[in-house]
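Encoded as structure tokens, the structure appears first; notes follow it.
Chains here go by letter, A, B, C and D, matching the order in which they are written, and residues are numbered from 1 within each.
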Amino acid sequence: MTKRIKKIGVLTGGGDCAGLNAVIRAVTKSAINQHGLEVFGIEDGFEGLLHNRMHPLGMEDVSNILTHGGTILGTNNKCNPARYHVEVDGQMQIQDLSEQVMGHIKSRSLDALIVIGGDGTMAVASNFARRGVNCIGVPKTIDNDLESCDVTFGFPTAYYVATEALDRIHTTAASHHRAMLVEVMGRNAGWIALYAGVASGADIILIPEIPFSIDKVCEKVTDRSRHGKRFSILCVAEGARPIDGEQVVARYDHTSADPVRLGGISRIVADQIEKMTGIETRTTILGHIQRGGSPIPQDRLLATAFGHAAITTLMAGKENRMVVMQGRNVTDISLYDVVDKQRLVPMDHPYIQAVRDMSISFGD
Amino acid sequence: MTKRIKKIGVLTGGGDCAGLNAVIRAVTKSAINQHGLEVFGIEDGFEGLLHNRMHPLGMEDVSNILTHGGTILGTNNKCNPARYHVEVDGQMQIQDLSEQVMGHIKSRSLDALIVIGGDGTMAVASNFARRGVNCIGVPKTIDNDLESCDVTFGFPTAYYVATEALDRIHTTAASHHRAMLVEVMGRNAGWIALYAGVASGADIILIPEIPFSIDKVCEKVTDRSRHGKRFSILCVAEGARPIDGEQVVARYDHTSADPVRLGGISRIVADQIEKMTGIETRTTILGHIQRGGSPIPQDRLLATAFGHAAITTLMAGKENRMVVMQGRNVTDISLYDVVDKQRLVPMDHPYIQAVRDMSISFGD
Amino acid sequence: MTKRIKKIGVLTGGGDCAGLNAVIRAVTKSAINQHGLEVFGIEDGFEGLLHNRMHPLGMEDVSNILTHGGTILGTNNKCNPARYHVEVDGQMQIQDLSEQVMGHIKSRSLDALIVIGGDGTMAVASNFARRGVNCIGVPKTIDNDLESCDVTFGFPTAYYVATEALDRIHTTAASHHRAMLVEVMGRNAGWIALYAGVASGADIILIPEIPFSIDKVCEKVTDRSRHGKRFSILCVAEGARPIDGEQVVARYDHTSADPVRLGGISRIVADQIEKMTGIETRTTILGHIQRGGSPIPQDRLLATAFGHAAITTLMAGKENRMVVMQGRNVTDISLYDVVDKQRLVPMDHPYIQAVRDMSISFGD
Amino acid sequence: MTKRIKKIGVLTGGGDCAGLNAVIRAVTKSAINQHGLEVFGIEDGFEGLLHNRMHPLGMEDVSNILTHGGTILGTNNKCNPARYHVEVDGQMQIQDLSEQVMGHIKSRSLDALIVIGGDGTMAVASNFARRGVNCIGVPKTIDNDLESCDVTFGFPTAYYVATEALDRIHTTAASHHRAMLVEVMGRNAGWIALYAGVASGADIILIPEIPFSIDKVCEKVTDRSRHGKRFSILCVAEGARPIDGEQVVARYDHTSADPVRLGGISRIVADQIEKMTGIETRTTILGHIQRGGSPIPQDRLLATAFGHAAITTLMAGKENRMVVMQGRNVTDISLYDVVDKQRLVPMDHPYIQAVRDMSISFGD
């Protein structure tokens, strides 16, 4: 028999993402207003749970945070209490402090946890779910690459910001005779690059799902130039990579095992383009501006729906589920099923075909 | 047997809407690049077809229009060649000039028409479809209320603009002790009001689907005031209406048969609130700023997908279809099925329940 | 001898305006960090001072408010303690409660007041300045019409918002054959209309400083139409008015002594244009969205400079001054000199001549 | 005696900058409408003048470009006809092709040139001015560092974009325990960094005018951390540099003579902070998004005023002048006086003192 829920904790884990506060607000408002629950805000993800840092969240605390970026609870993208790094006698040791966490959950009388985070955070939560703590997950990834979930909050703001940046770059490229590359997030999946690329009218879009040939990329740039187009815009996912066997030789690759740290795949591609086509080439790496800041309206809606669904799921007596969006419906899957399996852009996605038919190149 | 398509015309009809140019661009680029078609841009909707005003559209003509609001073809929201108003001997007569249109289509050798517009435009197109012109429709409504279509382009920009306005109003309301109403579009369906209302954290949302009681509205405002909330934000669809039997007496209603023309339902509600609660109340009617301007990235994507799908549908040999979006897929329905049947917000929509559980009022 | 300043109060009066929080933050940070003062935040303008509602403001309280619209202190645009409306035996009486305010200032040991507000607020402050309270004023008006001050915070955000709205309207107008009017704030001075009009490329700009002739306005609209321009954009200050002797007959003027309340001068002008030119005409009244919301960067800078200058002026031993901006310098004038004298747009302003030379019409 | 002006050419040189199209529009509209001039648009700066690539500009050509980024004329930031690189017998030679340019100016009957560009472009123009071509300059620099000119167009948009980016970074930094650096443009002058830094509430602002000590920077970061501030935001001009004698050791400096190419001063500072404080540190280099895109309203106004003033100056019979803005007035200086002398941020600038008093650090 499910015991009656009276008191819950909510935490945010992993990297920042537009819409976190909107989730916290929806969770808190739904819990208090509809179900009369007591809500505790746990600080800095599982780090706060480990050190018993939490405080009551009332309606007033979540008032006016809907439009704010970041998370009022703070976050932490490293802490796993089951494998906690502690210094003992001057040496780092890894200890399992799960029981310490269980003790705080018990002493605080938390009947359930709302865990907002990505794969890593859900894996940490699973550990406590197995120990009997009802954990309801809310998925968080700006990359939009969560299996079983059609769209995640944070992604709309991320590609909105990327599109705005590409719009600005566009006019500069058009005024000079240049190839300009904009590198966006997406280590394994190319959602942001595909959406921002199509939305901004990019000429070449490089995504991890479609390995590119540097020759084909240069051919497209040269071809445009020959047809009187004074410029080319490339939207490049950070995880874009060349086809097997092809060497994209980085100018800097002799100085580091990790050329990406020195500026990303886009710099390497840019160097190649400039060398092979003789056309002036410039690169911009957008980085963190895709993560933070006020969520666009679509993200506020998604985040509100997710947060509300977490409470609805919990109060329906379900245990250890993660809420997901499928089509236009919010539903839920087992928390244990959230493995490190990524939802890549499928090759039959409508935008993939549109891109090909409209003569935008994937460099393949 | 379907005859081979070589030359098509494209036109935009009805009111302005963010994303029209993106559709025209996708239609033109897909048609030329993928299928080697010739494309003609018809000016000002069916008016241009009637008067044979059209011009070739090449890749260059649609370059750089993706981000621009409006339509490079011009539009017209009145012309129906089958019932055309002409002046004869100083008197207005209604004439059927359909054959004149058919003549131009024939003389220009147009094998098909891509018709971008709303219900009215599709009805006009049906007339020519019945006469043997293959018409492929692309639905256009910022109201998002098209039956059989989950989301229409223009709607995301409309509720984005409305949300931005509500955000600005919010801080003013919070600094004074006021109720502030923002009236948004939506004569029959409350999509914009619901989405913008939830996204901006409105306290009361009035939509046509849920008739409101002015007493309940005032009660909510008073209740918030009693609990120390210094203000209330109301997001009101232009088509919101009171419950049967309830009289929302307009201060101005004795001067006009149409109080809405004098300022809309929001002014009437505002007057009532001020009178009944004694709380200072202000109204803003957003109007046309919801229609125009640069489309947000989501609309550019939707419009591109719709435009591309129109050509794919046409070249697959289909006739007299309208492309629609269902779930994440683009598909098509019969042009003749597009009747004046509106897709209202369903009462089991996730946001409806979220609103109720989070103590936002529909005034019911 | 000036007594040493140890404790100050800060209040905001009058209507909302982008940048108020940025002023409060700069005042508080400068006062505490540089001069070691104690700062009290007075709630809801002079209303809070009258009822002794105030609370300490620390560095933490003003953290993170720079970008937020509105005022964390609340405001009030009616309270004048010297002429306070009170109910006595069921009748409204006007009483002078100045001494009650003086009592609170004394009991709280406030050595000075930082008063952020417009003409009205400064007039109220003068009363207490005369009674010996050192009042340092910070001018606030989105209308930019303060004599002796080249630019006021709030104005840049106001014309930014107005320009954005005009940009959106522009594409709708261009897609139809229409005249579209946008009414912006400015009851006596046309700064917002002039700036937003020029920045958005409006065709006709109506400001209070240049009375318009409805014939000239219609002539310009017709002239554009004749030269193939499918539309006209009019940017209209709420205080625009016709030349002497000319009757701009409002369709609604028989129902009210105050046609402006029924929709503003822009509606009246729109009716005339439609009637006289036969061209479809639409109106949007922007209203409160010009006041609120996050200040644009320029306003955050101006507001920070003003707030900092208020403390610098105070700590330099000055008394009863208002800080103003002249050229690029912040300086100060006597608080008593701030009379109800408005800085109108001068006819030799560079934009006035640019407008005329570029064939934009003032309707004169 | 000045000969009557009938026909002018206009060109844009140097890097892209928000507002170029607005200048071209104001030049063309004023020239045609007010003075009946013929206007020729010269393509790609002096490159187009050298190769006689130019075309007539009418009212229609500059319609609707006010809000667009970039330049419809194209630009070129390398071409100097007096020192032109040509290939002769497989070898690069530098030739003086000034006479070829003079020939085209004569054959086209251009009575004057409106030259929109930076220092470099003005230097090239001077060469032709000395040969008898009346050149009226319009200054262009997003860096705002032109001697004799209080504010230049492009700068407001640049610091607006930088502030928006900093706003987004802010929420991410606040949610994690991090120092985050944003590198903005400004090789010699720190205007963008100062304005964007103050407008976004940065904690540390590094500008070329105030050499920083890495110890002081780290001290500030640590100090904030000790006082419970979970994060620090650094706004860094690309030209910021350490105090004499201090070594800011780059991790990468052994691999390149030019560490800036590898990621800029901000990366080097970030590495130092992380190493010296142990606090996680991240860097974002904004790059080209500061240059391009739609100009904010303030830039459209400035650009319009500059363009209009160029024609007014020309038609007043002046020769070889550059228009500048001083205070609120547009005036002009000798084209020959525009030397490579930069307007640095003066140490008595109001924002410098405000920063210091509000406990924001310059790292000194």
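Everything below uses one rule, namely that a contact is a pair of C-beta atoms (placed from the backbone, for glycine too) under 8 Å apart; a residue touches a chain by one contact, two chains touch by 3 or more.
Values in this document were obtained by computation on a predicted structure and should not be read as measured data.
A.B. asks: Once the contact rule is applied, which chains count as partners of both chain C and chain D?
C.D. replies: Intersection of chain C and chain D contact lists gives nothing.
A.B. asks: Provide the labels of all chains in contact with chain B and in contact with chain D.
C.D. replies: Both-contact set = A, C.
A.B. asks: Centroid from C-alpha atoms only, then distance chain A to chain B, rounded to Å. What do you get?
C.D. replies: Roughly 32 Å, centre to centre.
A.B. asks: If you average the CA atoms of chain A and of chain C, how many Å lie between those two points?
C.D. replies: That gives a centre separation of 41 Å.
A.B. asks: Just give me the whole-number Å value for how far the CA centre of chain A lies from that of chain D.
C.D. replies: Averaging C-alpha atoms per chain gives centres 34 Å apart.
A.B. asks: Could you tell me which residues belong to chain D and also touch two or more other chains?
C.D. replies: Residue numbers touching two or more other chains: 167, 174.
A.B. asks: Which positions of chain D touch chain C when the two form their complex?
C.D. replies: 26, 29-30, 33-34, 64, 66-67, 150, 156, 159-160, 163, 167, 174, 195-196, 198-201, 296-298, 300-301, 304-305, 308-309, 311-312, 327-330, 350-351, 353-354, 356-359
A.B. asks: For the complex, give me every residue of chain B touching chain C.
C.D. replies: Touching chain C: residues 12, 15-16, 20, 68-71, 74-77, 161, 164-165, 167-176, 180, 230, 252, 255, 262-263, 282-289, 291-294 of chain B.
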